[in-house]
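So the structure is just underneath, and the comments pick up after that.
As written, the chain order gives the labels A, B, C and D, with residue 1 at the start of each chain.
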Amino acid sequence: MRTTPHGPPTPDFQPLLDEIAAALRPQAGQQGKVASYIPALARVNAAQFGIALRTCEGAEAAAGDCDTPFSIQSVSKLFSLTMCLQLIGEALWQRVGREPSGNPFNSLVQLESEHGLPRNPFINAGAIAVADRLVSQGRSAGDLAAMLSDLAGTAIEIDEEVAASEAATGFRNHALANFMKSFGKIDNDVAPVLELYFRQCALRMNCRQLARAAGYLCRDGGHPGGGATPVLTERQARRVNALMLTCGTYDMAGEFAFLIGLPCKSGVGGGIVAVVPDRLTLSVWSPALDASGNSWLGMRALEMFVARTGLSVF
Amino acid sequence: MRTTPHGPPTPDFQPLLDEIAAALRPQAGQQGKVASYIPALARVNAAQFGIALRTCEGAEAAAGDCDTPFSIQSVSKLFSLTMCLQLIGEALWQRVGREPSGNPFNSLVQLESEHGLPRNPFINAGAIAVADRLVSQGRSAGDLAAMLSDLAGTAIEIDEEVAASEAATGFRNHALANFMKSFGKIDNDVAPVLELYFRQCALRMNCRQLARAAGYLCRDGGHPGGGATPVLTERQARRVNALMLTCGTYDMAGEFAFLIGLPCKSGVGGGIVAVVPDRLTLSVWSPALDASGNSWLGMRALEMFVARTGLSVF
Amino acid sequence: MRTTPHGPPTPDFQPLLDEIAAALRPQAGQQGKVASYIPALARVNAAQFGIALRTCEGAEAAAGDCDTPFSIQSVSKLFSLTMCLQLIGEALWQRVGREPSGNPFNSLVQLESEHGLPRNPFINAGAIAVADRLVSQGRSAGDLAAMLSDLAGTAIEIDEEVAASEAATGFRNHALANFMKSFGKIDNDVAPVLELYFRQCALRMNCRQLARAAGYLCRDGGHPGGGATPVLTERQARRVNALMLTCGTYDMAGEFAFLIGLPCKSGVGGGIVAVVPDRLTLSVWSPALDASGNSWLGMRALEMFVARTGLSVF
Amino acid sequence: MRTTPHGPPTPDFQPLLDEIAAALRPQAGQQGKVASYIPALARVNAAQFGIALRTCEGAEAAAGDCDTPFSIQSVSKLFSLTMCLQLIGEALWQRVGREPSGNPFNSLVQLESEHGLPRNPFINAGAIAVADRLVSQGRSAGDLAAMLSDLAGTAIEIDEEVAASEAATGFRNHALANFMKSFGKIDNDVAPVLELYFRQCALRMNCRQLARAAGYLCRDGGHPGGGATPVLTERQARRVNALMLTCGTYDMAGEFAFLIGLPCKSGVGGGIVAVVPDRLTLSVWSPALDASGNSWLGMRALEMFVARTGLSVF
């Protein structure tokens, strides 16, 4: 909320994260299933749980497997969207919408009935459309890694084995890209667009890095490391939060809003980034997913965090 | 936000509402179209605009045609949901979901593929499912009018002409109700369920009454008039707000979140209720609708209010 | 085929039908399931099988339970279409299409995307549209019974218990009718249209009567009993056969064409009428249905008949 | 029909084809539009019309632009299906269905809801599935050209310019192939499968050659040139005819059956092949298409032919 520049002093969140990790980490891997569509994801040990946060003021707290890197997968869509807004701003919305997609079944139906315009930047088709915009701007997945390295204050890398596996098995994404191109909604050749997309999904980060890198979302777009140049304008940051809340968690956006009440973006690597506007960003990770593709234990952790702090946007 | 019990003193919103009314009321009816599917709505003068708010502390402000009653239509879904939660709580969710529906085209497709379970309580199918639950609890549209009269502190009535017209022309709603019943998802006869539904849509209120009646949504469920019995629990109120944000404005939930950033519920009578959690409820009205069925000028007013106050949940 | 007015002499089909009945009747009820959505259908003994045919020249043959009456259900759509073509001819096609519907899932999707125009007269929505046309012409299900009595040369009646059960449980048909009416594609009140529809489905006939009554379809529209007035024009009869082949057997039209190669119309009572143009009409009955709603043993009987006689249109 | 081995003597069709060409050729190009998605098709002169037939006995007749070669496009699906049945027979049906697809909108929806199994071999997805089977059998588009050369008794070639254009612009077909592969329904790499598919669509033939090459379909599968080895078994030929009638003409299968009553396969090059079982095969060509992608004048020619000869399967 923009109106509380001088809110109450930030509490120390370390005890709470310790408590959450103590309560949940023993359950890691007991429910849900690790993504298995590529070997590099399938062999991740399910019995892991990490959590980290960073407040607007720069205080940090972390617990559990908060330093273990994982494949951020769809969480990367948050950052490719951010880079795209930096580069072309509102023009992006000519190629991608801002509405929830309803359900997975709809992705291709909607693409067809809406003439190749994806519903939002967080479904696969939408992220591919964003990747096409980035290619047109001369950007690559390496540039995303560089942006994240700057935001997190530490080197972020692409797991090339994961990227290669994604490319070798991503037939549905090839289908989506070609389908959009058949509607004239992809400008570049499909190959470089998908290369960027598959490589961005293969970025590796840990919870601590994710909480830092996404810090601009709780700071009205300001650089989380205190850099002079804002990452996004205040209005853009607020709108990215809105998109996360309505579209950021696959087909569970309503459920996340209902149960957790924070803007979130999840990935099938088991990571979730959540934002408490004007307060903090939070990152949780546990590899086992529920049927909707969201980290099962990650959701539990977010529910627990909100229940204990009362920090929800509603 | 739950964490600011003693926030900054409430500003006086009257000057701002006066300013918004002065700026927008002259535009009323210049864009958009008044709902025309029944005569009683079609003959409403488009050149009207009202706005009203009530803070958690009970301060009120209002401007424009804030005392002119209008047909609340789908805004009533907020109140039937509220009554249903009072009566059966979580059991409601066995009959209706909590996810955005994607788009209007999908309503019947989704009902079919999801075996008669509507996506959320704010699409027509979902509100009919709620009405069925109310009938099973012995409630009628008159009980809703009584609840609203209590909340608003003044008598709220049903426009029987509108109710009769809705019933006489509501073939699609008849289709939805029968379709759900074919899946065993409606317990009662279709006739009394639709009678309740058509009559709740025909409730007449003005902006001032709406802002008051919905006051529990910014007060953690507490009675807006200071009654001892809460309208909803704090958790329920927070969740209704989440549903409003993700599902409350037809196919424009993403757009409302993106542009306005507040939980809203709109109706084709041209009314919109918005909630700033822990701060205030706001009601706007102008009869001319955009293509999505939301009040065109009402949306402008909400954008203006948020831009001027910074009051958004993001 | 129109070009063989003096084809080879009609063979005596009685031995073949005896053979088919001897081979198949013992299997009756061993595969498939009797329709169970209303009691009057559910209690039919599955272990029954009947077959009957009538050549263009008037020769008849029949075997098995060929004299046991059953509920003709969707086979009635053939006769309501016929009556409608008699009354309004080509004008019918303003209210119903002539294309296969794809699959059951599509029925409501297609109705929605095609603005309430059903795909063909043999899906439920299409038959309801035909019923609306009949009501507009002052016709009732009783008139259909009278037409069938004339065609079959014996009194055909409506099973009022079945009709009442259909009406009491036919919520999906209520949904379809109201949905079409919401698009302005049904002129009359839904109630009398559905009354005609539910009562036509409850007509009771046996195989012998069905083979006789549908005799005009192999005789270029000529009255099967030799009446002076044709039932349909030659062109109409040929086109009804085409509709039967492409749309007459629920979602199995392709499979029927592929395996059997004759125009057919089936019903969930277990009856199927088949036409060999210029040669004969054939009727089979066995109550147990396969998953697509067609009589399992009836299909076997038709395959056997075609394999033995070589009588296929292809 | 299998039962008339010694039917009436074949009439001389040359006068009728002359008459049809005289009546229709002057109208060529006056209605409909030439396919324009690739330059090589777009520049075809619309003012052309050809017709040719060949009886089971080997008599031929032809008129108009019957010797002008054109791109057979989807008519090739008839021949790839035939080659596939020769090679793997019934096993093909594990990869493609036999039901009409409903409508174009559905193609991707159906592929999704039916887990990558295309509805029938005549929609694009189905023909790509057939191409995958051919690649697995070591076949190429060149083998199809060789088969057609043998059937037509004259060299048939592939227009490599058309093939290259199809490949360069066929994004939707790339989408379909990748989508099916994502369901495990395509065994080979997408590239060679699509190469075969795009090159088969680029086969060039004239009406006379087409009528000859498809001659096995009216001769119970027997080689049209009298070769000793049948092209298909009698049962296979009959079933291909059934598929043509129910699925051969895009979304107009019902309309073709209703108006023309013959198994047909059309292509966007403007060609149509029709079969009168046991009598003759017929080929028409005129480049301008109606909205459904079928040759507008070709359909008129077929209607005229059937009206004058009475040769319909119904």
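Here, contacts are C-beta pairs under 8 Å (C-beta built on N, C-alpha and C of every residue); 3 or more make two chains touch, one makes a residue touch a chain.
Keep in mind it's a predicted model, so treat the numbers as computed, not measured.
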Lowest number of touching-chain links that must be crossed from chain B to chain D: 2
Greatest separation from chain B - chain, by CA centre: D
Where chain C and chain D are represented by their mean Cα positions, the distance between them in whole Å: 32
Rounded Å distance between chain A and chain D, as computed from the means of their C-alpha atoms: 49
Centre-of-Cα separation between chain C and chain A, whole angstrom: 56
For chain B, residues that touch 2 or more chains besides their own: 105, 113
Pairwise chain contacts under the document criterion: A-B, A-D, B-C, C-D
Residue ranges of chain B touching chain A (in the complex, touch as defined): 1-4, 7-8, 97-103, 105-106, 110, 113, 119-120, 238-239, 241-243, 245-247, 251-255, 257-258, 261, 263, 277, 309-314
Residues on chain D engaged by chain A in the complex (per definition of touch): 105, 108-109, 112-113, 171-172, 174-176, 178-179, 181-182, 190
